[in-house]
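First up is the structure itself, then whatever we jot down about it.
Labels run A, B, C, D, E and F following the written order; every chain starts at residue 1.
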């Protein structure tokens, strides 16, 4: 099986971090193919950049998904996940979607830790759009020092554990999702130091992508996740126009 | 006052239809400046095309909003409305958002009529994302003949009135929103033949855009609708990169 | 256009405060006609007084709305707004309804500041009754000194700004509604000192009343906002009985 | 124990119907004291009349509750129930509130049958205001012949049973509330002919009023159900002004 | 009337505490018949023990309900309440269900105080399962000293009152439910020291059980609360198998 | 990896059907260990039998889970899933929970088909308890002939497909869950005849159980899914008492 990991951020370091965890999580026999966005923000962190990233996702999957069995959107805003799901015939999951659904099976309410207070309403909107807001304990936007370099993310382990403990004690969190592609792998590292399960969007996303591919569910032939209608799309990438022109009538 | 009307569909006919109604609805002294998308679908009708359209909206407002007082997104999926609201310092409203909020002030529950069953879940997701699903009576996807040309939209008047009456009687609709940019002006035409108020997204959008401009509310200096952080955005249009480079720190 | 501003409180000072802001907000060509309740509480501040006020609203609009184009209920509990909307053929909006709907178009969640903790559940019930509770960040009942005279409301500016900042920081408010007729005009004054948009129920109410009048939506001929059935109403004011006797069959 | 039954409709026949059922339902030792509104509609059937009725309720309880142990609002819109609850030191229940809460203890979802489609949104708003909309199966507005005289309500038994059966089969109703004061007693009569429990607002209301009186719960000394603040209320009935003037500081 | 009080905890002291309050609350003429679980936990305090307790409830009512008019489940998790309601022809209420429904009639939001933070999500799930979560102010898990003996529950009065006051002030509670069978009677004792009504699940449960018995509502002959289908149940208690074998076809 | 498949129904045929599908769905290297309930109903079909089944689940996992890596509850009411999850240190999933979460990743709303109208409210309660009711299109209780033998379930294929098509067309279902352990394998058989993905609770449950085992999430050391406290449990099976006695303090 081959899973396409789509990083619509335009930062290779994030892709590399994601791939490391993806490969650790994948079943033997699963190949990871990763692509990085080539336009937009280095790290998507607001609605404007998410809109750019969603379009980037659409173009990336049009270009790269043809030989894959499933897609994982490796941006924690799940940029473009529904569009890609509709466009393709193979399963598509978002890392935050996969994480929160996994937390559901762990039981109880899940807290989200992300970077900065700005992103908090965005996560709330995303999780609400999945109909899962009743399962949310709290979304916490952890402050990072100015000019923080995401390459040093592991320096934040102690701060993360302090916040995890606070969310468990004060907000009733029964699991905690580390909401950010750059956190990939940290749930694994911090596992034994946390009082509750830590959820990694990449490892969950890889496992759910494998599951969906193995379940071999049918691409709908009706409804809102049907392929787009075959039509002319103007002035987009060659791949996207080609994919559109080859859609079933 | 100048209002930028953004049609992220790539069809001039839709822009023209929208402008006609926008001008009828605008206060004297309000100028309408309309722009049409230059990439993506002729008529946005699925999630993929909405993702393309949202990016198009971002680029269009980056290019054209600088001399305007407010923006109306004239696509009934409100493609990119939150991104544009965040990016700009002037008010931005979506036509469906404006319509449903107007229906709230009319009282009771509102039904939506749109084209085809495929779009129904998309409208549900949009209205849910505004927190307004409790005000929804029903969303109806009216079937159109194959190869229907939207230029002949007024031929559907009789069918529309039949459905409006049905939604009132069977679904408890106390107002009906005609959900589609191409319906612009039809609420005005059919007003006297409907048992309940008919809501036009364009006329509502123009009035709400005027209101927000006149209220002169402050652009937030914090939170999720703050300007994006000043940063490098790679490989997008010149206007968008320029706008990003000129954002306040 | 003539807008009837209904203050069902029995305090002329509140009416005067409201009218000052209403006139500043109205479009040129809009005339403000204000009326004050003649029975009930000086300042409506609990459910009993709201029930009296709602009846007062019904009587006031029956007496005074005949030559007007729209009505604004200038009591922050929107006392009687749905009854008046049903009774009359012209649009009716409540100041809190108008404020929260405006906040929706600003984006994100809105906090409400009002006087005293007693009113907090009432605002929650009102906003819930509009189906808008998902958009609420928090409702804060600011303590006022004993024997506080509402005429000195502007003395509270500093305290208000402190609370606004706190609601933004701690409760994720992306806008703040100053919930009370007596706050009319203060959003305008404090605009530049607040990190987020401040919402004034009177200015929003006037603009939305103008919008609804200009949209010229049809009075429903069916449903729950249809005119009351023509019938005998006993022992109410002459105007109300007359209006009832002249309703269409 | 003495229970004040408040009929804010101005129709003695409704009061008589209600009292008959109230007396059958009351425990031995419970005295029923019934009062009828003296202004407003014969039968409250829209929002305007409900606003008048709510004020009437306030005046009626101010006049008549002083020697009673609990109050039942015997109007199916529960007109003024929250205001009366706040104003008085004794328990106050509404007949629809009592009915739906009883249906909760029966288990499953409850359907409501009332007169005419106009009232449907009003019941929905009322039940939603109690936070109980998740327990609703459906609200059905049964058509009545033009000029139907409520005195002939028992002629509708067969039609009622037909609708009850339909609501059970098609809407999943596990109990049915007959929503209207004039239905008092019919649940008792039709009990053996219905497949599910029939809920009578008057019998439930009397039992819950007795329960609340016997539980002897404390009148709150804080919060939104605290007595109104002692203050001058102008131009209302003598009883209401007197009650206000005697409130604790 | 005879009410079966089912304590599925296997602790006689809890039964005794409950019976004392039940007898104080019952109407003259109501007899209390109490039974205690004979397998499972001494005090049910987690999901596993609740699952055992629910089965115990089913067996206890199968054994003991035959000569009773109503059942009260005297475990604050309402263990097995829906199963017992379905199985029997007489009314069944849970103590927490009865308490929260009573709080609804008191008005406003209710807080719950229970033992330890572990139970908080369980109460939330229970109250949510009744569709009543909109009426919840907060659920507080009060810490108890290690090795606390529930027989000394009255030693906690002062701590309880402190928490009640805090829940009123900080969480907007307008009533407080003491959530635990062992609290039976304490609401009565602390009544005059609390600023808001204190709700006792046992006294409410007894009154509601009496009400339901007196209302004499029909056992449904369809739907999900119909008797189980007559069938063979293997390897359960003699009473349960007998009851099953005697169900109507 | 070894997965314990728990069938709390007391019917070997159901276990056999489930195991066949479980083995088809499992990854190579995954061993299926199946157990069947030894008390309670042949096929759990109401709340009473679900309460018995939940206790049976607790006893079955206490007896059989010790050498397994994950548990799948193979009863479509997910009887006892939360209790087992709390009791054990290995992951536990319910087949309906797994199915609905999978449907979430497919996108859009899911319909449920089950046997008979009686079970409809139970599925609604279960799915609501997972916080997933916003994702539900409809729950349909398909009628089966009297004396239908579940061994002939495949005879219903045509009827199932007819209902699937109807749910897609009339209720907007974008996937359909076949809700019943006895349906195991039918989604696989009917896949190519359905317009939308068909969801099998057993195959989804096996894949999610594998995923959770591979993710190796920590057993919480606090919160409501912590092990029960070590204590004496009276009069249950030897295995359960032993497991309780060996719990960490």
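Heads up, the rule we're going with is that a contact is a pair of C-beta atoms (placed from the backbone, for glycine too) under 8 Å apart; a residue touches a chain by one contact, two chains touch by 3 or more.
Just so we're clear, the structure is a prediction, and the values are computed from it rather than from any experiment.
Novice: Count how many hops through touching chains it takes, at the least, to reach subunit E starting from subunit A.
Specialist: Shortest path length, in steps: 1.
Novice: Would you mind working out whether subunit B and subunit C touch using mostly the same residue numbers, over half shared, or mostly different ones?
Specialist: Same; most numbers are used by both subunit B and subunit C.
Novice: Report the inter-centroid distance (CA atoms only) between subunit A and subunit D in whole Å.
Specialist: That pair's centroid distance is 52 Å.
Novice: I'd like to verify one number: the distance from the centre of subunit B to the centre of subunit F, where each centre is the average of its C-alpha atoms, in whole angstrom.
Specialist: Chain centroid spacing, subunit B to subunit F, equals 44 Å.
Novice: At which residue positions does subunit D touch at least two other chains?
Specialist: 82, 85-86, 108, 117, 120-121, 128, 134, 172, 174, 223-224
Novice: Taking all chains into account, which pairs touch?
Specialist: Contacting pairs: A-B, A-C, A-E, A-F, B-C, B-D, B-F, C-D, C-E, D-E, D-F, E-F.
Novice: For subunit A, which residues are in contact with subunit C within the complex?
Specialist: By the definition above, subunit A touches subunit C via 117, 120-121, 128.
Novice: Once bound in the complex, which stretches of subunit C touch subunit B?
Specialist: 25, 27, 82, 85-86, 91, 93, 97-98, 101-102, 104-108, 130-135, 168, 172-175, 191-192, 194-200, 203-204, 207-208, 210-212, 214-218, 220-225
Novice: Would you pull the subunit C residues touching subunit A in the complex into a rising list?
Specialist: Per the touch definition, subunit C meets subunit A at residues 108-109, 134, 172, 174.
Novice: Applying the document's contact rule, which stretches of subunit D touch subunit C when the two form their complex?
Specialist: Touch list, subunit D to subunit C: 10, 38-42, 45-52, 54-55, 57-58, 80, 82-87, 117-122, 125, 128-129, 223-224, 226, 228-229, 231-236.
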